[in-house]
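Here subunit A shows up in two complexes: once beside subunit B, once beside subunit C.
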Partner chain A sequence: MKKYTQTSGEIGDFSQLPIWQKYAWVDLLYVSYGLLIVALVLVSYMFGMLHWLPYDPQQINMDMLMAPPFSQGYWLGTDFMGRDIQSRLIMGIQAYFLPGLLAVSISLLAGVMLGILSGYLGGKIETVITYITNLIDSFPRLVLILLVVAAFKPDIYYIMMVMGITGIPAVATAIANKIRFLAQKNFIEAAIALGLRTRAIILKHILWYNCRALLIIQATLGMGEAILLETSLSYLGFGVQEPVASWGNMVQSGANYFLQGNFWPSTAPALAILFTILGFNLLGDGLNNILEDRRGR
Partner chain B sequence: MAVLATQPLLKIENLRTYFYARSKHSFIRAVDGVSLEVGHSETVGVVGESGSGKSIAAMSVMGLISNGPGVIGGSIRFTGRRVQRDLLEGLDKFVNVKERHGRVMVVNKDEAGWQKASERQMKNLRGKEIAMIFQNPRASLNPYITVGEQLTEAVQLHTLYKTRKEASDRALYWLEQVKIDSPRLRFNSYPADLSGGMCQRAMIAMALSSEPALLIADEPTTGLDATIQSKIVNLLEELKSETGISTLLISHDISVISRLADRVAVMYGGAVVEYGQSKLVLGEDASIKHPYTAALLASVPSEQQIRDKASLQTIEGDVLDTINVPAGCRFYARCNQITPEINEKCASHHPELREISPGHQVRCWRFSN
Partner chain C sequence: MKQLSVVLLLAMSLFSTVAGVAQAAESSKTVRPKGGVLNYGEYGRPATLDPITSNEMISMRISELIFNGLVGINERQDVVPELALSWEVSPDNRIYTFKLRKDVTWHPRAGETPVRFTANDVIFTYNIMMNPKTITPLKVRFEFIEKVEKLDEFTVRFTLKRPVLNALAKFSFKIIPRHALKNPLYLTRDDPFVQHPIGTGPYMLKTITADREIVMVANEKYFKGRPNIDQFIAKPFADQNILTQALTFNAIDMIVLVNPRSIAELQGDKRFILQPYNALSYSFFGYNLRNPLLADKRVRQAFGYALNRQEMLSSFFNNQGTIISGPFAPGSWAYNLDVQPLPYSPQKAIALLNEAGFKKGADGIMQKDGRKLELTLLVPIEKESEAVKRVVLAFQNYLKNIGASVKVEFKEWQAWKEDVFADHRFDIVFASWVFDDSADISSLFHSAEIGPWKNNFGGYSNPEVDSLIVESKLTLDHEKRRTINRKLHAMLAEEAPYTFLWTLTNYSAYHKKIQHVAIHPYKFFSYADEWYIPVSEQKK
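This part shows the complex of A and B:
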């Protein structure tokens, strides 16, 4: 059943409604959960950077191997070497946070620039850019990453740079298509007739107002993907190496003891991965719905 | 200011805008030698069937033609209070036209160079001195930006109201000027939340906000329902008497033209076939009219016809195919006033625009004596 309510006797002014009446509660829930996760990740990252941790994440305590949660000051228990899982989870954010941002910014910045060039200028430049993006697209991402790992060293920044570059085609194609599509629209012609500069039209009318939802989605999905890639590679031993903490290698080292009944050391980082990626993806989804809501027809 | 007294605000001379039909390897002569004048504080109506080149002529003035070859010749002289300029000055060096038997056969155009030079000529003019409103107002507003925001942007760009507060106050003032109901509410609305008529009012507000010398209204009432159409026409009428703005009004609706225009140009097949005072061109006397104008007027049902439920008069035949333009008069195939004496001339020679009484020009062999 659908409910329609008018909030006052006057004609409703949408912009003055309280936020919870403007948008669907599901979207608001998604966004608030996503924002909560992002804030948590951000604060934890700061704490890790400043080493404001309950324990040194490398500190081995032979008296407390595989301690369950809530035991003697170890809130989330310890792993097979008696290291504090909470501290290691917080330090694990260091493994993906900056590299993930790097990957996302590479794909967004380069993608937007190539997209504008190819969508606006067209012609030969568009052909060249299409060749480049197709070339990047036709390479399997994991093979490329393994090549880089083999050629240089298993450094997470190298891996994330590859991830950023392989993310360029999706953004560039989306932006170029959007520009090509909008350029035929009457309101862009009207904006030109109004005397607006080309730069203002592309940056403000097309990119900011018509593409920001798309960019936000790409950014949040990209960040989620970066976390997933980092943890998977670290799980496989290509990414962050022991003893430096990463959620991926924590799952891996804990998994050896999973069947012996000590499921906690691997389940905790696995849940962290799950909820974090979920948070980023839902944030993008919710923001997309809220921002796209006003486009009308 | 002597220039202002003698020169009309906008003087289009021999404007030619061609397109190219790739599949037929021939030119589409959308606008073929149009000459028009818009005086200061004058409204000139351009009337004609769809495909007669009205809109393309207006877009050429604004420099909005993006398909090739586009504008290939002519001059568009703008003589405003602040700017006096030929919009096509110095652009002919980018075009090389080869004609045979008075007909364009080859056009070489450096389109990038033309575009760049044209942008330079249009600087400080487009949107500021010459504003344009389009048909289908809703599509002319960016659906993602509130109406107020778009208006504010236009005000900030072209007027001295530069700060956000001043500009948005001014934008609100213009929304009130175009008599939109509850302007403060519409200010924060998105175009999708407004009706078509309200969108057109917002577009008019946006066009007028820079206080331009010339307003080009390209079918401003098309796509609106009949009552809204008449309200928009009333609004344009009021704004005209209040601000004294010059208007180039393009419409295929003769009733709109007759209510607003001081002078009327009738276009057919990319050329002006009749040009003169609104009273004369749209008046009763068919003997001093171009046959096309007479036929157009006859196809508007009179009240008597409506009462009698008489069938509508139509003009026989189709609108001129601007690809295969005949050598003779362009209206020859559909004309019902050809007499045996002039038949040969009509079929073989294109008539010139000839003055038959002061300020009234007709392009027809009937008036060639």
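This part shows the complex of A and C:
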């Protein structure tokens, strides 16, 4: 009798390679930089929550207006009201962190559900869902957001809800395409033949085994976009309002003094925005290449 | 602070002091060459350009170039003839008869023959202003006039309801042409005239470019003689920093109102002259007395003690201003110098709050009968400048120190005006008044002025203040009026319906090439027809 055992083939050989040989070094660099930023954001967010800060971010010090970095205990200097920039940068994370997570979860959850419905069931449902996603996609995002700001109030949670909803089509389409592609594969056919329940097939074999990477990538890119949106709106005065700190309104108020030579109060938050968004995007990119094996070795 | 100003046009005073005009008046009679272009920068752009419907400083300045009044105010603050050649006043001070100039024509429009200015235009202007359908801040200023009659083509007679102090100066309102309006009964912002007005003044509106630059050219037939400079161009800027940069890089020749922060930068630059001028204006925090927390005088006084005004003035405005104690601008004769501004004393503030029955709660916020001292400060977003932002954040911080919690709410400009003036949905506002006669504060504090869109938005009502205001308005004796206003000043300082802050010194900056510059305190361009640019500097 012949035994059928899983033998190590080409794939097996590959998976035993050390990680730095397995993937392109650029991707590893991307991912490690991204992870570093994400960790930094997370830790800073915790510090902000617990108020473990060098100074009260709203404490005004009129004797120390726009102090340069490294002056009298202010590591990153002070802003136009003599408030500690370092503390405000840390507190600024509060402005986008939870709202950003909200936006990402909305687009992921709704996107996955619609994607599964349309990809797995197909037919009329697919047509309807395609219409819905096309409808959402056809509105410019910023116009929708400004409508919401005008109709309700400049609240970041409303804005992020809109952002989450407008993010649905991308996720839904990606998931639906993936499912359509997987549905032709033998292992799904096998799973159906073995009598597995539909729920198990979708959740375990399709989503968990095969869409994990896609979802993680969508989440990191979505977070980067959420940060950009929050900071832009706060910059324009529609998002987080003074005296609460946001990187966006910090750049804005600092910019008023830029031409007088006080470039630091706006440059510090601008760099924070740059490096953070870069971090999230590179993490997404790197993960995409590694998990989906996009880059030739 | 112009950004926040609610322009209050009450009545013109003969007594307002003018900085910077004496110098020009003395300057010798040098040859004044014609020609040249003056580009001046404005922060923002006006909605309308006519003198009736506009309530912005920017369009008021443009009106000054395009229009004339019956009388004008010269650099020494005397009333001088403009469109009126002479006048007679009846012994009871109720009838004013003006003889008009016969050599004045309106700016011609393309393809039109110039139309003569006559008595009909004066009567027309008055009727337009007083028509209930015309939306204008001027209406209340001229309610003292009973009727206007035309005696002949070049003579008009105004009959007053009652004698008024300084009535003559009030006839400096700008006259608009009867033949140029689409609607002959009233003027609204839909009339094309408000976008392209014609007048009798030294400059004619030529065109408004696609960039919203307002180009005005010299009126060759100006009755006082052709103005020296060929063109005035008003360039709008959306950012005050860029305004300053534009001047230093020679994109413009003049800034009418320099941002306080840029003063130091321009002071060191030898190419420019920084000229201070005294606008009758001041900034304040105004309280809504409909809120029971703020109805208590002691609470409002406590807020006054809690603020370190000197610190704010020196940190945010480079000390370019004066701290005030009461409701009159310090440049005005009505200002009472014996009343001292409140000193900075948080201890005193806390003591006053305790006296009013407030106790500090566990969270550090004062409370009384279970109600916390929590208030909302309403600030308009659109016109928000960084100086305003700094003042309101500092205010919030000072009040936190005495246990009052202030929530700063930024609102879109129109919504802000509605909340404050129509619905009175606010606790505190930060704003400033710009006066053309700071001696008349009746619309700010008289109880008859409480109501939607009226200026007593805080709902301040005090019979004693009311009667003093009325008395001051009715008296014809200048000394008596002064005494009453000094009393009013002391009383309102004590009552603190506002926390009076400061009046800022306004600076205009301009290139040295512009000569013989005299600036009117709030109309600015009143004497611009005499400015000139030497020939060697004219080509750009």
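Assume the second predicted complex is superposed on the first by the 271 of 297 C-alpha atoms of A that agree within 3 Å, B and C clash if a C-alpha of one lies under 4 Å from a C-alpha of the other, contacts with A are read in each partner's own complex, and residues count from 1 in each chain.
Everything below uses one rule, namely that a residue touches a chain if its C-beta (ideal position, glycine included) is under 8 Å from a C-beta of that chain, and two chains touch if they have at least 3 such contacts.
These figures come from a predicted structure and were not determined experimentally.
Colleague: Applying the touch criterion given at the start, work out whether A:Leu50 contacts subunit B, subunit C, both or neither, answering first, second, both or neither.
Modeller: neither
Colleague: Contacts for A:Phe80 in the overlay, against subunit B (first) and subunit C (second): which applies, first, second, both or neither?
Modeller: second
Colleague: Counting only touches as set out at the top, which of subunit B and subunit C does A:Tyr209 meet: first, second, both, neither?
Modeller: Touch status of A:Tyr209: first partner only.
Colleague: Figure out whether A:Phe187 sits in contact with subunit B (first) or subunit C (second), or with both, or with neither.
Modeller: In the superposed model, A:Phe187 contacts subunit B only, not subunit C.
Colleague: Between subunit B and subunit C, whom does A:Ile19 touch in the aligned arrangement: first, second, both, or neither?
Modeller: neither
Colleague: Who does A:Pro243 touch here: subunit B (first), subunit C (second), both, or neither?
Modeller: Only subunit C; A:Pro243 stays clear of subunit B.
Colleague: In this superposition, which partner touches a larger number of subunit A residues, subunit B or subunit C?
Modeller: B
Colleague: If we overlay the two complexes on their shared chain A, which of subunit B and subunit C does A:Gln260 touch? Say first, second, both or neither.
Modeller: In the superposed model, A:Gln260 contacts subunit C only, not subunit B.
Colleague: What residues of subunit A sit close enough to touch subunit C in their complex?
Modeller: 58-60, 62, 65, 80-81, 237, 241-243, 253, 256-260
Colleague: For the complex, give me every residue of subunit A touching subunit B.
Modeller: For this pair, the touching residues of subunit A are 11, 13-16, 185-187, 189-196, 205, 209-210, 294-297.
Colleague: Within the complex, which stretch of subunit C touches subunit A?
Modeller: 241, 244-245, 261-262, 265, 308, 311-312, 315, 381, 384, 386, 389-390, 393-394, 396-397, 408-410
Colleague: Write out the stretch or stretches of subunit B touching subunit A in their complex.
Modeller: Of all residues in subunit B, those touching subunit A are 62, 64, 125-128, 131-132, 134, 136, 138-146, 153-154, 157-158, 182, 185, 188-193, 203, 206-207, 210.
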